[in-house]
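Letters A, B, C, D and E mark the chains as written, and numbering starts fresh at 1 in each.
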Amino acid sequence: MIVDQAVYRDGKRLQCGDLSDELDQLHKEKAGFLWIGLKDPTLEEFDLVKDELDLHPLAVEDAVTGDQRPKVERYPNGNLFVVMKTLSYVEETSDVETGEVMLFIGERFAVTVRRGEPAPLAPVRAALEHAPELLAHGPVAVLYSVMDAVVDNYMRIDDELADDLDRIERDVFSADRTTNVQEIYSLKREVLETRRAALPLVEPLMRMLKAGLLPKEALPFFRDINDHLLRVVDHIETYDRLLTDVLNAHLAQVSVQQNGDMRKISAWVAVAAFPTMVAGIYGMNFSGMPELTASFDIGGSEYYYGYFVVLAFIVVGCVFIYRAFKKSGWL
Amino acid sequence: MIVDQAVYRDGKRLQCGDLSDELDQLHKEKAGFLWIGLKDPTLEEFDLVKDELDLHPLAVEDAVTGDQRPKVERYPNGNLFVVMKTLSYVEETSDVETGEVMLFIGERFAVTVRRGEPAPLAPVRAALEHAPELLAHGPVAVLYSVMDAVVDNYMRIDDELADDLDRIERDVFSADRTTNVQEIYSLKREVLETRRAALPLVEPLMRMLKAGLLPKEALPFFRDINDHLLRVVDHIETYDRLLTDVLNAHLAQVSVQQNGDMRKISAWVAVAAFPTMVAGIYGMNFSGMPELTASFDIGGSEYYYGYFVVLAFIVVGCVFIYRAFKKSGWL
Amino acid sequence: MIVDQAVYRDGKRLQCGDLSDELDQLHKEKAGFLWIGLKDPTLEEFDLVKDELDLHPLAVEDAVTGDQRPKVERYPNGNLFVVMKTLSYVEETSDVETGEVMLFIGERFAVTVRRGEPAPLAPVRAALEHAPELLAHGPVAVLYSVMDAVVDNYMRIDDELADDLDRIERDVFSADRTTNVQEIYSLKREVLETRRAALPLVEPLMRMLKAGLLPKEALPFFRDINDHLLRVVDHIETYDRLLTDVLNAHLAQVSVQQNGDMRKISAWVAVAAFPTMVAGIYGMNFSGMPELTASFDIGGSEYYYGYFVVLAFIVVGCVFIYRAFKKSGWL
Amino acid sequence: MIVDQAVYRDGKRLQCGDLSDELDQLHKEKAGFLWIGLKDPTLEEFDLVKDELDLHPLAVEDAVTGDQRPKVERYPNGNLFVVMKTLSYVEETSDVETGEVMLFIGERFAVTVRRGEPAPLAPVRAALEHAPELLAHGPVAVLYSVMDAVVDNYMRIDDELADDLDRIERDVFSADRTTNVQEIYSLKREVLETRRAALPLVEPLMRMLKAGLLPKEALPFFRDINDHLLRVVDHIETYDRLLTDVLNAHLAQVSVQQNGDMRKISAWVAVAAFPTMVAGIYGMNFSGMPELTASFDIGGSEYYYGYFVVLAFIVVGCVFIYRAFKKSGWL
Amino acid sequence: MIVDQAVYRDGKRLQCGDLSDELDQLHKEKAGFLWIGLKDPTLEEFDLVKDELDLHPLAVEDAVTGDQRPKVERYPNGNLFVVMKTLSYVEETSDVETGEVMLFIGERFAVTVRRGEPAPLAPVRAALEHAPELLAHGPVAVLYSVMDAVVDNYMRIDDELADDLDRIERDVFSADRTTNVQEIYSLKREVLETRRAALPLVEPLMRMLKAGLLPKEALPFFRDINDHLLRVVDHIETYDRLLTDVLNAHLAQVSVQQNGDMRKISAWVAVAAFPTMVAGIYGMNFSGMPELTASFDIGGSEYYYGYFVVLAFIVVGCVFIYRAFKKSGWL
């Protein structure tokens, strides 16, 4: 689907007429360029432009198929083909979603292809159209603006992931221990998804910077993108390590707590076992158990006190056992 | 076993006559090529062709022995020898199986060797025979087509492994916890098997791309294969990491659940211990336990109520203990 | 915010007049330099200097935005732009905090930018003003002094982290086991924060050393910084590994202790179960249990001894069980 | 100890006379070579040959001391010195044992040194003596044959380790769980021992291939050795990873089983606690417990049925509890 | 502190007179050298030599401060500065201790600096003084001898660590399981300390070998040191991996044992629960429990046998339960 299409001359946007005529004109003038914006294009839609712009069939195949690895490819005719992963973050589910942006950059044209929802390119085009001094640099300005927007977006995702990690850390180390192991795992998954988008871009971007494919004065700008990309990759690696550690810390905490619970339970079992044991003994049916009939003889009537003494003994024993466990830290 | 054998001239398939004559003819014409397809060949079968085609004895040994590491070798006579692992996926057992494809590529011939079941080469030959413009590039077209087919197949395996990982994740984090540790381990094993097929191919393919062994216009096509290969390797590494994490998450969940179960069990033990303890006390045989004979005197006849009071006390105590545990989250 | 501003001639500090005039003068004299110190500068504050000093807009953007990756950038006009992370350590919370220092180094000027609290630059300036022979080397002396101060500070943080690790180790392996899993995790986090500050500086510093950007006689001094940086990075990696091991050791200890506790508990349960079982048997209401009425007939009156024999039996049994567990190491 | 010693001319073995004369003769003829085979040689034994053959004292020291890292060293006089680890596998104990083979390769001589039992060199010499066309290539043929034999042996060890891993996997995931943690660890140890033999050889072999030390037509043969070596290293790395995973899987399984056992035990405890509790209640000595004396009056004589009803109640209760646990999966 | 000081001419040790005169003389003669040995030197002690020998102030600072990273630095005046970590092993505590050795190597002098106790240099000097042919090579002989001694010492430490690891392995897998988690962790710490001494030396030593700083005939000797260093590093990496595995194996064993203990305990609880339950039932106070009064009437007197039958029933039940658990492997 062609989303937008225009010719840019002297930093101004113009209506695009017949593709072939416009290109001839641009080549003759040696200035200005054509910018076509596509979304989820089909092979048929590409047929309209690929011959005029001399796009390589394999690049077109990649753009139509999608799900490519980030890369920068230069074809024999001098055209650049750039694939980048775009990311978006769904706040409710903390899910990172991956889309794709591809660019065909020729001397007098730029074709931008968007696959999936994340990172619409319209704001990039709008911003560029308000910066004629940037537009004047031709298609390389489109390449810079799109790459910058994509990587700036990685930095936003990076912030979101840092937030999620902070939240998980707070959960794991909070007193009420509400941690959900699945949450830790899910964040790890999203972190790896982000990593898979950002990391493979480092090497081709590095190579592009060194290969002399870009005008010299543009280099600091692309290096700036590279800095931000490397910063994201650094962070992502840290999150990955920390998530492994958080899971292990969680496991250690569960074990520590289990041990504590087991001690607490055992201490209470001991407290409860004492009365049962004593009661068992005095439930025996022996003849001649003196405690059973221990009595005072007050004014002729007998007062049996054995039961009460044993009840008191049981209570005192329980309190003693309780205190001993309290002191040893089991309770 | 010779599976197929033909001469290709001007993009058309022709019957192959005497090997030696055909080769002489092809070299004279400086066009067309011979394509021999073998399956699990023996040394004897190779003897028929190896001298005519000047195949290196070590390459022949590798082709006959099998179980080689993926590689691209160039012999002094200019011949290329390429070894690739082929993979297939058995849906029922989620098992990845490994076979091999080897190619001998000379100026006027291609010999393809298949070892094991996965990835039959017949469809590749059939597809090529329907693409005469590709065939016109000679043996390098065979090399490209076979490599493309092998790597495209890696991508299918990649998808299957991703499916299996998804299923395991769902199992691990589902409420009924049906996870089988063996399944996690088995998938890890298959992932490593896939990795062992794909990863060692990266470096020789890279080197082949840079060594100038291929015609210039073919480079983007082989780089396309390389892209796909790298994408598979990226994914495989992610699966490997995630499987480690899934196992750890499973372990953490089992520990959490064990703690929960232990608390639940202990709480019920406490609930059951109360009646036993009380009953024990009133089972003692002391003389003068006033509760035992507590009674109303209604209309001359005595109504003993002690038993019923204690029964009620037991029930109330159990309910109280139950509620306390409920509140603390142990039940 | 401009924190300080001065011109240095012949190793002496002079008042700074109009920026433009001073620079012209310095360039004419081919000696001396201007040093501007900024803190958390805004774009507006930069506007005053950036044109005079020909600072690159991307470098200015980085200095204003902050939160950049450590790097050394050289712009086409020959200016250097250096970003470093500064660290400080909060003794009470064992927290490492990150700030930033950026430097713009031109032929006749140095601009130092501080972001965040850590590592004030004033002492560095003061020290340099007392070392005229160093100042005589111009802006590169500022670069050296600031980098040296930043990296020397890393070494102090390194020492603090080593102290914290020692304390945690002592806790984990002490008898009273007061370890807090959260402490281990927190230290890991701070270690990774330190790593993220120090590690990315290694590569650009290395590159700067090799790129011939520095005067030859200055090289050993910057290599000295590099040595110290590498030493910190070595240590940090060790701490990271050891913290993983400490957590695992802690986990193993908890498991060992849990097993020990379980054995101890079970042994006591066994000791307590014996009297209960024996008492239960003699609490049965059978007619004709000879033990219940076993008696001596001394002088006509019957002495029932069964009860006392069984009491003794119970005590002896408990002691025996206790000893058996003691011997087997469960108690 | 000199194990064997011979001169090879025109692919034929000849008696070796005086060392010095033979070498002079061989150098004059510019063909043939001397092959000395040593086993655990002492410095004194080397004294006999080291001056004649101009062996470097450090190489001799290594050969006498043993326990060296695999390496390929070239000394200023052009001699090569190669150290390789040899491995053998003890079937009964699944133990890998390490020995050493060292080679001194000069223009007209080869000295092979064997340390430890594994990998006797006699079969290599025997095989070479039956392949005169190989022997004709001189000392480099000895180098090739020994390296090939050593690396071929690595492949056999590789197979054995794969077998052992398979067995351990079967044990871990079999129903009767006979796994011995020590076995897993021991295999890991042997895998690392194999790795330490094979991995350090990769880099010097690679360097030897690139350094032009070998005749051109020999390169494919040494590359073949390299292929096999890399294949072993690939496998070893996989085993190492899998063994870590097997141990973790085993740990997870033990935890899962422990949880299952705990539930089963608890369920039986609950089943047993019911009769005890009920019996306790009816063992209380209250006056006026109507159940105790519940009776039918049939034909004047009283039939007490309370006991039988309670017995039935206990049985029914136990069955009910049993069924409830069965349903919930705890039994 | 100056430990020793001498001039070496023609391989003989001579008294050292005035430093400045001696050096002039040595430079004039173009032979012999001065060797100064220092221990924990202060800046003041260095002041006496640093100008005469033209030592770089940063190198002097490093030598005085200590705690440097291993390195090889070459200063513009051609002097070499080498820092190495020395290690010693305390048998009683299995502790590795780290010291330092630094060398300043000029054309006609060697300054050796020792920091901390490990690795005294006196034996090295003594050995060199008995090897005049080595001394004749000048300061490079000192460099070689010291490096060789330091790295040879690493190998001794390596052996000690291997011993400690063996002991821990034996402990972990012995029947009585006396393992102390702290011991495993401590060894890991010492292994990492050794690693931190040895590993950073690899790269500068490699670089020194390639940079042409050494005389050609000395290269094999320094490569020999390098071999031994790499061997130590290989081993250390293996110990590090194995210690992680040992800890995990220990953890797994504790879990396995805990499960076994739990089963054993539960089985005994079941055995003990049976008599308690049966006794409870016959302790109920129902009227009309026929078992309680079951009797033979022999010769007019009643023999109550119920009690004995139930006693027998209890014993038989316990034996049956015991056997069932024995069979299932829980006991």
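The working rule: contacts are C-beta pairs under 8 Å (C-beta built on N, C-alpha and C of every residue); 3 or more make two chains touch, one makes a residue touch a chain.
Everything quoted here is computed from the prediction, not taken from an experiment.
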Quick check on the contact network: minimum steps from chain B to chain D? 1
Turning chain B onto chain E by a C-alpha fit takes a rotation, in degrees to the nearest 5, of 145
Quick check: how many Å separate the C-alpha centres of chain C and chain D? 39
Which whole number of Å gives the spacing of the CA centres of chain A and chain B? 24
So chain C residues touching two or more other chains come to 248, 251, 255, 258, 262, 269, 276, 280, 283-285, 289
Hey, how would you classify the chain contact layout here, line, ring, star, complete or other? ring
Order of the ring members, counted from chain B so that chain D is second: B, D, E, C, A
Within the complex, chain D is touched by chain E residues 169, 173, 216-217, 220-221, 223-224, 227-228, 230-231, 234-235, 238, 241-242, 245-246, 248-249, 251-253, 255-256, 258-259, 262-263, 266, 269-270, 273, 276-277, 280-281, 283-289
Please give the residue numbers of chain C that touch chain A in the complex, ascending. 56, 58, 61-62, 67-69, 71, 73, 75-76, 181-182, 184-185, 188-189, 192, 196, 200, 244, 247-248, 250-251, 254-255, 257-258, 261-262, 265, 268-269, 272, 275-276, 279-280, 282-285, 289, 291-293, 295, 302-307, 310-311, 314
